Amino acid sequence: MSTLTEAAPVATTEPEEVELTYREAVNAALEDAMAEDPTVVLMGEDVNADGGVFKTNIGLPERFPGRVMPTPICENGFMGVALGMSITGMRPIVEIMFADFLPTAGDAIVNQLPKYRYMSGGQFTVPVTVRVMSGGGGRFGTQHSATAESWYMAQPGMRIAAASSSQAAYELLRASIRNNDPVLFFEHKALYPRKGPVRRGTIADVGTAKVLREGNDVTILATLLMVERSLQAAEQLAAEGISAEVIDLRWVRPIDLPTIEASVAKTGRLVIAEEQWHEGGWGATVISELAMRGTPWKSAPRAVSLPHDLLIPYSPTLEDEMLPSVDRIAAAARESVGR
Amino acid sequence: MSTLTEAAPVATTEPEEVELTYREAVNAALEDAMAEDPTVVLMGEDVNADGGVFKTNIGLPERFPGRVMPTPICENGFMGVALGMSITGMRPIVEIMFADFLPTAGDAIVNQLPKYRYMSGGQFTVPVTVRVMSGGGGRFGTQHSATAESWYMAQPGMRIAAASSSQAAYELLRASIRNNDPVLFFEHKALYPRKGPVRRGTIADVGTAKVLREGNDVTILATLLMVERSLQAAEQLAAEGISAEVIDLRWVRPIDLPTIEASVAKTGRLVIAEEQWHEGGWGATVISELAMRGTPWKSAPRAVSLPHDLLIPYSPTLEDEMLPSVDRIAAAARESVGR
Amino acid sequence: MAGTADSDRRVGWYRQMWTIRLFEEKVQELFMSGLIQGTTHLCQGQEAVSVGSISAMQPGDVQTNTYRGHGEALALGMTPETGFAELMGRSAGGSKGVGGSMHFIDTSLGNIGANAIVGAGLPIAVGAALSFKLQGKPHGALTFFGDGATNIGTFHEALNMAAVWKTPVVFIITNNLYGEYSPQMTTTATKDLARRADPFGMPGIIVDGQDVDVVHREVSAALERAKAGEGPSLLEMKTYRYRGHSRTDPAKYRAPGELEAWKLRDPIDILGAKLAEEGLLSADAQQQVRTEVQAAIDAAAERAAQSPVLTLEETRQYVYAD
Amino acid sequence: MAGTADSDRRVGWYRQMWTIRLFEEKVQELFMSGLIQGTTHLCQGQEAVSVGSISAMQPGDVQTNTYRGHGEALALGMTPETGFAELMGRSAGGSKGVGGSMHFIDTSLGNIGANAIVGAGLPIAVGAALSFKLQGKPHGALTFFGDGATNIGTFHEALNMAAVWKTPVVFIITNNLYGEYSPQMTTTATKDLARRADPFGMPGIIVDGQDVDVVHREVSAALERAKAGEGPSLLEMKTYRYRGHSRTDPAKYRAPGELEAWKLRDPIDILGAKLAEEGLLSADAQQQVRTEVQAAIDAAAERAAQSPVLTLEETRQYVYAD
C-alpha cells in the first residue's frame, strides 16, 4: 500500500478573471480543488448545512455528493480522522470554525500532523489542509476572537498560510490543498464580505510573501485583516509625503525573509502590523531574524500589536480599541521616519 | 461564595541551607508548599505511585494523605478539574508527565486557565500551577522531547517559569504555587540528578531573570538545561580571554527585559541559547524587543537553537547533535566578539 | 426533601420562566436595533430545564453552563438589568461587559462559569464538586451542556473522573435535538443520550424537559444522591429551542411542523395549566405576571443602556489577580 | 470464513509468539548493555493479542498501535533485524532510526502508525477505515490501545465517529490491568471495558486475550462484520504484561502472586499445549522452535548493530514531502 495520494488531478481549472468576495474566493478554491481531484473532501462541524457557518461552502454539498462531510463536535478526533484519511489515499480539508478551537485539537496539530511522516522515516505523506476561521472584531468575546496564526509556527513539519484578500484566499488555499504536507490555512472572519479580483486557476508558490504596494521610506509587514489596514495607512501616509511599502507575509511558516530583507534594505525601516500579541509571534521572529542578519536600521523596527497583557473584550467599543487600527499603523510608520 | 483561596498559609518554612538534587529540590518545594497551605494538592497521572514517574514526589503521599491524587489519563479533563478546584477554595498543582502532552490539554491551557478570571470581569482567581516535565536528550523520540516553554508565551493571563538548577527549581516552584494566577512551571528531565545548594524557604520574585555569572564581552541568555551549558561555555570562553555574562531567563512570561537590557548595554552582544526552534520562541521575542528599543549592538545578536526544519530524532547520536551543545554556544559567543 | 416544591415556589417558577422567555425576546429585539452586537444563543423553549434544575440547588451549590446560559443565569437570580448591561458591553454587566452574551457569570449566585467552548464546563464542575468533597463542604455542582457536547472528549473524561471519585456533581444534558445545524442523529451514535451514563456505572435518566416539576424533582433527587456520596448522575432533558442556533441561523434544517409540535408542549403553558387547575394562579393572574415581567424587562433594558463602558485600561485588573 | 485457522497457520503463530517473546527479552538485554537507549515498553505476556488479532487481517487492511507495539509490528512481518536496527537508531530501522522503540512503522505491511501519545491512534484508524469506505476499497482497520487509553477523550470521539459513519474498524483494548503504575480500578469507572461500547450501539466483547485461537476468531468475526458494513466493534482483551510499564519500572504496585497467577495461563504455553495435544507440534518440536527463534534473534541483533547511522542532514527529507 502506498501512502502517497497517487491520483493525479483529473481536471484543471481554466484561468479566468473574476470579481469575487473573499468568501466566494474560498468557495471557488474549494470547488476547483474538488473538481480537479476526486480525493479531496471537506469535513468539519456543519460544513454541509446552509453553506457552512460562515457560508463559504455554498453549493459544494450539491455539486460533490458525499464529499462534504459534517462531523460531530470533536476537533481532536476528526483531525486524527483526517490524518488517517490522508495516509490512505485521500486529501482531506478540515474546517475549524473558530481559530480558538485549534487547541481543542492540540495533540493532532502538534504531535500528529507535523510529525507523522518523520516518525516513520519518511514513509507517509500527510496532505491535510486545515481551514481556520480566525480573527477579532466580530464581538465574539475572548474565547472566539484569536487569529492564532503564530500559535504553531515553531513546529517543523507543517506549513502555515494566511489570506488577506480574495486573490490570496483563492491561490493560497489552492496551494495549501495541493501541498503534500499538512498546512494550516487561516481565513479572517472580517474579510469574508470584501470584494476583489481573482484569477481563477492560479496556485500560489509556497513560502513567498508579496509586495502589494511599493514604497521607499518604510516597510509595513502584515497578515490577514492587518494587510487591508496597512494599505489604508499607506494611503494616509502618501498624502503626507511618506512612501510606505506594504508586504503581505502570506506564509507564517516558512517566512519569506529574502523578500522582507530586500524591502528593508531599501527602506531601512520596518513596521509590523499584527493582530496578535507581540510575544512569540511571527512579527518578533521577523525582527529577530533581521537583527541577527545585522540589518542596518535607519530607525528601530516597530510593532503594532494587541496591547500587552490585555485580553480581547466583548464590549464593542473596547474591542475596536484593542485591535490595531489604521491610525496606529500609520502613527508607527510616521514615528519610524521621524515625524 | 468567595472564590479567593482565603486560607492563609498555616505554617512557614524555616530558612535552611541544604544540598539537594534538582529532583529533591522540586520535592522539597512541593513538601513545603503542602505543609504551609492545606489547600495545596498535587494531581496527575501516577503522581502517587513510587514517587511519581520522575521520582519527584517521593514521600508526599505518605506525609499528606489524600492530597496526592492520581488521575486517569485525560490531560484536558483533569486540567479543567484543577481549574474548578482553584475557583472553589483550593490551590492545585497539576503534573504533566511530558511537555509534549500539553497540547492534549490545549483548550484548558489556552481558553480556560488564562481567560477564566477575565471572562467573569475579575470575579475569580485561578491559582493553578502546572508542573511540566520537559526537554530532550533522553532518547524519548520526537513525541516526548519538547521543552515547550514558549508554546503558550503569547497568552496574557498566565505566567511561565523555567527552572535551571536546584535553587531555581525550589524557589520558582514555591513562587508559582503561591501565585494567584495560573502558572506553567517547566522542569527539565536531564537536570533531575544535578546537585546544588538550596536555600529552603526562599520564594522567588515573579518575573525576574537572574545574572548567574558576570562578564563584559558578551551576554548569554538561556533557560533550563541550556543554562548549565551556557555556564560551561562561559568557562571555555574565559580560558580564551572572553568574558561572558550568563543570564538565566527564569520567566518566559513575563520576560525581564530590564535585566537583559542592562547586561546588553554593558556587553553590546547577545547570544541566545535555547532548546527550541528559534521561530516563535522567547529568544526571538527578546531579540525583537531589544531591536525595537534601538539597542546599539556591537555585533549582531545570535541564537543557538534547534536546527531549522529538523525534528528531534530518537537515534542517540543524532539527538545529541540536534540539541545546542556547549561548543555551539561557545562558538556563537566567539563569533559575536569577532574571534 | 427532594422533589417537593411548595405552591409559592412554583408560582415563582412561573414568573422566572416568563422572565427568561421575555428577556430572550428582548435580546433579539435589541440585536435588531444594534444595541447588542456579535452573536447570541437564545434559549426560548428550554426554560423548564433552567428553572427546574437551578431551583434544586441549595445555598453553596454551584453550576457551570454554556454560551446558551441566559436561562440558568436568570434562574440563579441575575437581574435582567445586569444581563442587558453585559450584552451592551457596559460596566454594570455581570462580567463588566468584557464577557458578553456567552459569559454570564456571578460567583455570588453560584454561577461559576458560562463557557464558549463546547464541553469545557464539565470538568470544571467536576473540579468544584471534588473540591467540596475534599474540603468536607456539603455542597454539590450541576453542569449544563448540549446534546452536541456529548460527542466531545471532555464529556467522557468528566463522567469518568466524577464516577471514579464519586464527586457530588449532576450532569445535565439539554437535549434540544440539534448541535448548531446538525440533527442529533447525524453526529451522535445514540438516540437516548442518558444511555451514555451506563459505562460509568452511573444512573442515566431521561427527563421530560418541558415540565418544570419533573425537572425539579429529578435534579433534586440526583443532587441529593450526589451529596450523600452515592455518586454522580447523568440527566437527559428532552427539550427544544424555538430559535435558531445563534443570531444568524434561520433554522432551515428543521422538519416542517417540528417547531409547532413542540410549541404544543410549551413549558410555560404546561406549568400555567397546572397552576390554574390547582387554583394557584388563575389565567388572569398569569396574564398579569406576563405583563409585569414585560414591563420589568423593558425598564431593565433602558436602565442598562445608561451604564458606562469601561476604559480598556480598566480591564487590565481582570487579566491577572497578582 | 471467519475464525477457522488451519494447522500450519497455528504452528506459525506459535513461532511468531516466541519471536515476540524473545525479541522483547533481547531488547531488555541490549538495554542493559547500553546498545539501546531511552525507554521501551515491552509486551511479554500479551503475545496472543498481537498474533491472534494481526492474523485476522487481509492484504490491504491496516492497523495502528502504540508505544507498546513491538508485538503487532513483528506479527505483521517486520523482521527482528529491522526492529533491532530501529532500537539502535540505525538507518536499517523501519523508521530509519529516527523513530525508536515507540514508532515501529511499516506501511507496506499495513502498520500505519505506532503512537507515543495515548489515544492518538484511534481516530487515525477510524480515518483510514473511512477512507477505504469512501474509496470503495474492501479493506478495514484495527486499532490497538490500552485499558488506560479508554479514559481519554479521543477514545470516546473515535468510537462515536466510527459508529455514526459505520466505518470498517475494530477497536482492540489490550487490557493488561494497568495504565503505567495505576491499577485499572483506580482510574476507570468500569471493570469490563467492553461495556464502553454500549452507548454507541456497538458490540462490546470480552475476549480471553491469553488464547490466540479465541483472539483470532473474535477479531476475524468483528473485522468481517465491519467490512460487511455492519459497523465497528469494541473488543476487550483480558491479558497481562509480565514486565513493568517501561524500562525503569520495577512494577512494585502488583499484588503478590498476581504475576505468577497470570503466568499459569501463559499464552505461548496455552497454544503449545493445544498443538501438542492435537498432534500438530510435539514438545520436542516446540523446544526446537524456541531454539531456532533464539538463534535468529541473536543473529538479527548482531546484524542490526552493523547498520550505519544517518547523518542529521539525511533526516531532513523525512520532515517534509514537498
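Things worth noting here:
Letters A, B, C and D name the chains as they come in the text, with residue numbers starting at 1 for each one.
Basically, a residue touches a chain if its C-beta (ideal position, glycine included) is under 8 Å from a C-beta of that chain, and two chains touch if they have at least 3 such contacts.
Predicted model only: the values in this text are computed from it and were never measured.
Set against one another, A-D and B-D show the most C-beta pairs in contact at A-D. On a Cα centroid basis, the chain most remote from subunit C in this structure is D. Separating the CA-averaged centres of subunit A and subunit D is a span of 40 Å. Centre-to-centre separation of subunit B and subunit D, using mean CA positions: 37 Å.
Look at where the CA atoms of subunit A average out and do the same for subunit B: the two points lie 31 Å apart. We define each chain's centre as the mean of its Cα atoms; on that basis subunit C and subunit D are separated by 46 Å.
Multi-chain contact residues of subunit D, defined as those touching 2 or more other chains: 97-99, 103, 115-117, 151-154, 157, 160, 164, 186-188, 315, 318-320.
Contacts with at least two other chains are made by residues 71-72, 74, 76-77, 100-101, 104, 107, 111, 118-119, 141-143, 156-157, 309-311 of subunit A.
Contact topology of the protein chains: fully connected, every pair of chains touching. Per the touch definition, subunit A reaches subunit D in the complex via residues 1-3, 41, 66, 71-72, 74, 76-90, 107-108, 111-112, 116-126, 156-157, 179-181, 206. Only residues 76, 100-107, 109-111, 114-115, 118-119, 141-143, 150-151, 153-157, 253-255, 276-294, 297, 299-303, 308-311 of subunit A touch subunit B when the two sit together in their complex.
Looking at the complex, you find that subunit C touches subunit A at residues 37-39, 89-90, 97-103, 115-119, 148-149, 151-153, 179-182, 186-188, 249-250, 252-253, 309-310, 312, 315-316, 318-320. By the touch criterion stated above, subunit D contacts subunit C in their complex at residues 151-157, 159-160, 163-164, 186-190, 195-196, 198-202. Looking at the complex, you find that subunit B touches subunit D at residues 45-46, 49-50, 53, 70-77, 100-101, 104, 138-144, 307, 309-311, 313-318, 321-322.
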